[in-house]
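Quick one: this structure, given as structure tokens, is what I'll be asking you about.
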Amino acid sequence: MATNVQDTRTAILLISCADCTGLVATITRFIHENNGNIVDLEQYVDPEENVFFMRLEWDIEYLSIPLDEFGNAFQESIAIPYGMEWTLHASVDRPRMAIFVSSLSHCLYDILARVHSGEWAVDVPLIISNHDTLEPIAQKFGIDFHVFPISRDTKHEQEEKQLVLLKEKEVDCIVLARYMQILSPDFVDHYPSRIINIHHSFLPAFPGAKPYHSAHERGVKIIGATSHYVTAELDTGPIIEQDIVRVRHADSIDDLVRKGRDLEKLVLSRAVWHHLRRKVLVFRNRTLVFA
Amino acid sequence: MATNVQDTRTAILLISCADCTGLVATITRFIHENNGNIVDLEQYVDPEENVFFMRLEWDIEYLSIPLDEFGNAFQESIAIPYGMEWTLHASVDRPRMAIFVSSLSHCLYDILARVHSGEWAVDVPLIISNHDTLEPIAQKFGIDFHVFPISRDTKHEQEEKQLVLLKEKEVDCIVLARYMQILSPDFVDHYPSRIINIHHSFLPAFPGAKPYHSAHERGVKIIGATSHYVTAELDTGPIIEQDIVRVRHADSIDDLVRKGRDLEKLVLSRAVWHHLRRKVLVFRNRTLVFA
Amino acid sequence: MATNVQDTRTAILLISCADCTGLVATITRFIHENNGNIVDLEQYVDPEENVFFMRLEWDIEYLSIPLDEFGNAFQESIAIPYGMEWTLHASVDRPRMAIFVSSLSHCLYDILARVHSGEWAVDVPLIISNHDTLEPIAQKFGIDFHVFPISRDTKHEQEEKQLVLLKEKEVDCIVLARYMQILSPDFVDHYPSRIINIHHSFLPAFPGAKPYHSAHERGVKIIGATSHYVTAELDTGPIIEQDIVRVRHADSIDDLVRKGRDLEKLVLSRAVWHHLRRKVLVFRNRTLVFA
Amino acid sequence: MATNVQDTRTAILLISCADCTGLVATITRFIHENNGNIVDLEQYVDPEENVFFMRLEWDIEYLSIPLDEFGNAFQESIAIPYGMEWTLHASVDRPRMAIFVSSLSHCLYDILARVHSGEWAVDVPLIISNHDTLEPIAQKFGIDFHVFPISRDTKHEQEEKQLVLLKEKEVDCIVLARYMQILSPDFVDHYPSRIINIHHSFLPAFPGAKPYHSAHERGVKIIGATSHYVTAELDTGPIIEQDIVRVRHADSIDDLVRKGRDLEKLVLSRAVWHHLRRKVLVFRNRTLVFA
């Protein structure tokens, strides 16, 4: 029975397992028998790897058991027999998100405006930066701002301190809003598929530094931006969202940077939205975005 | 179990009914019990009207009963109890499609190239026109071309003859590829949700004649095209697909017409593709496109 | 001789007049003779109305006379003989822009972030609203916020007060950032082609109130936003910029509103950018955007 | 004085030279003094290289001297003194275009439909292929079809024969409409900036073979197509036009190929249109497209 999902207490189940017949029937029956009303269901089977994926969202108002008991029961009667990986989320849970920035403000402003206006149901307990440039913006919005200057020598040590702070603040996910430092593989390991970056090119074109310069040099007619989960290897993590904008020969590098800023804001915010709404599943180095 | 859908013998079930709990579980269980393997499932519940919609595609290689028997069984045990409207299609069935044209060739060429190259699994037994202008193109592709000149006085009579011919040729659906005549409500009644038109504007903006002139006059920065099912009322049927292209102040009406041609081809072909792949459900005056 | 336009002191000349032969030669020769170096030239002739338009931007570093004298000389020797309408701007002049809002914050945040980060070379001396809802945002950015509640009876009187305030603050142009009141023709007359509105639909489709509801009801596959100069008649002023985003049958009205917000920010900010960079000429009810 | 450019006898002048002051004034005065009426003017100065570029189109109805004499006079009095490179074209000249194909028909059909319907003012004296697969399409349209099977050993020899044939047919430009052979640098040298290719990816992402497979493997959310002039080095020539289309995780490689086909047709046809209308200037490895 459908209702306005965003105003309703729902649960979201993300599942993957080896494909076999009857999976949809088995899972949906289990929800039904526990008085859950499905409001959204999407499934996909990877035809090469023969892996089954599903996102299920259901109304839990009349659920016959508490949600954590439901999880336990699901684990016993379905997930173990079928060898599933799964996560269960309640829509009312507010994720806690840290923002990492350097000295460019456009993505930070855009995110804080979304959080502050209630567009995103998320808490931002802290902002981390390698510079103090953007501290006044954090102050405007009343958010803690922590500066960790990074040099080759201090990087390991500073990341250790950042991890302590993130743990202390119970951070669930991290958004790199034009953060100009490369995170170490060790750091990334603490937040698998939970660090979202915005890269200012249409990956895999122009990875690395100064993509707008490279795009201008190559004479492309379109520039792009790519939001992806961060993995140990630079600019190669699973892509969540991409978009593009047209450019002309008369556009200077400054024009590309200007047009690109709007694109970065848009693409990053869409990726974060999908992540927060539990729309994204990661498989190998790709994402499934059920949106 | 997933396979390459397009190379596989599948069945496609399109369902709508009043929403209630357990529908997905009930339907998928029925497929499973008859040894059908679901390869694609999409569902949607209209939250205002409380209506449930589903598109199911499943591999019928190991189906325990012939597909028509399956249909009968589904009708008895599921569709009647739940008050469903439903249609069942086998992917191997080739629809028979008539094309209506007037004197513009771009959509006709585009469609015939797709049919001829095997991109669309469809038969085109005839082309109907109110002019003989495009007859040479039909001849190039070896397709029967029938001219029915239309005037106010002859319209009813000519449409009657067209209907006889369409029936004789066992036509399933009709594509109006820039056909410049308005079909009468009577004619339309014979092919409900089976006549696809391309209108050269971003509906509901600029309905009726000469939309490129109106767009130019209004000074819009974007023009569009809209493909929709034809209903009794002009340019107001359920929209299947739309797209747009940017224009500038320096673009003359001729430029709009030129840019619009490419858009019309693209939008019409996408709409027809969705229709042929049984991706479209019509509800009230809207479409659900499961693509 | 080209340089980075944005870092250079340039002058911008916008011209329109009845077309005749030799206009480009005459105008560019005049610039050249006064030691102005053209960095950008765009011209267009309306073929139906036979009107000539030109935007010229030139480096004034070596200009042989001060810019205001240049204007006087241009008026005498070129503009009067050819019956031209023209405006002359120095790139270093910072326009003064007022923002009108009601209770939605997304466009306001977006604009203030652009101003505050220096992306736009503009001063914002005040924000006007018919509600006090967004006053805390103005405070964050240290900008005066004035509330003028509007009712049918008080509208005329309140607009008079607004005009006094705008004059006092030497405002050049006004941005309606989702301002929910309709300005009276009298008010609009004080700022011809200098009030920029954002309408949340792809005009001329869905003018007036609640366009997202109408778009949902009509079942469109694309929604849009339109930024235009305000004229006496509602939602029919000259369009500066438009853009669109795809929607699906599963998108609720809330989803349309959410997707639309990002579109509104983007389209409004592009229109304001073109206006601030003196890229826009208005002719009849259309714009020429030299970008 | 403006008229409908496409119905008017115009001349098009494409110019590049070292930038200096007064160029626009000098050139436009020369046109004016010879009774040419400018209908379109675009200019651009590359700020890094300090190079001036201009495209001028003017009505030659009242030109005081024949167009070839005009060219000679321009060379003497303007081009030599300023060290210009320039080309002069009459709009009534019909270019002669060869099409190279392999076994995919979609671009070929699209091009032939445009030529045959008069959308492009161009003659196609021959089609060249390394297979005979598409010969029936050439026959439908009454165009000579020549098969040159290519192997490593015969490539040089076959290209020599192709060049003889192209010369014999007085071919001006070549369109590679999904031609699967790599042209040798020697061959390319005969048609500098006159061979247009369509590559089925968003270059510089996914150069080389099987870009749709690579795009699927990488999990991109957008695929593209790129049309460029062919140079000695594979897939790195000056880009004329690019465009993109969205894809989803559920899109198989077959879906990418299908969506990509429409993109390839569109992007290639836009590039050829710009080339035919003399809108493109090549500088270093980039294009200026005055459209």
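For clarity, chains are labelled A, B, C and D in written order, and residue numbers in each chain start from 1.
Just so we're on the same page, contacts are C-beta pairs under 8 Å (C-beta built on N, C-alpha and C of every residue); 3 or more make two chains touch, one makes a residue touch a chain.
Just so it is clear, the structure is predicted and the values come from calculations on it, not from any experiment.
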### Task
Among all other chains, pick the one whose mean CA position is farthest from the mean CA position of subunit B.
C
#### Entry: Proportion of interface numbers common to subunit A and subunit C (over half same, under half different)
same
### Query
With respect to inter-chain C-beta contacts, which pair, A-D or B-D, contains the greater number?
A-D
### Task
Could you give the separation in Å between the centres of subunit B and subunit D, each centre being the mean of its C-alpha atoms?
36
### Task
Quick one: report the Å distance separating subunit A from subunit D, using the average Cα coordinate of each chain.
42
### Message
Residues touching two or more other chains, restricted to subunit C: which are they?
### Response
4, 47, 252
### Residue ranges of subunit A touching subunit C (in the complex, touch as defined)
4-6, 105-106, 109-110, 113, 116-117, 119, 140-141, 250, 252, 254, 258, 261-262, 266, 269
### Task
Spell out the residues on subunit D that touch subunit C in their complex, using ranges where they run on.
1-4, 19-22, 24-25, 28-29, 31-32, 35, 37-39, 41-43, 45-47, 50, 246
### Summary
Contacts from subunit C onto subunit B in the complex sit at residues 44, 47, 202-206, 218-222, 224, 238-244, 248-250, 252, 285-289
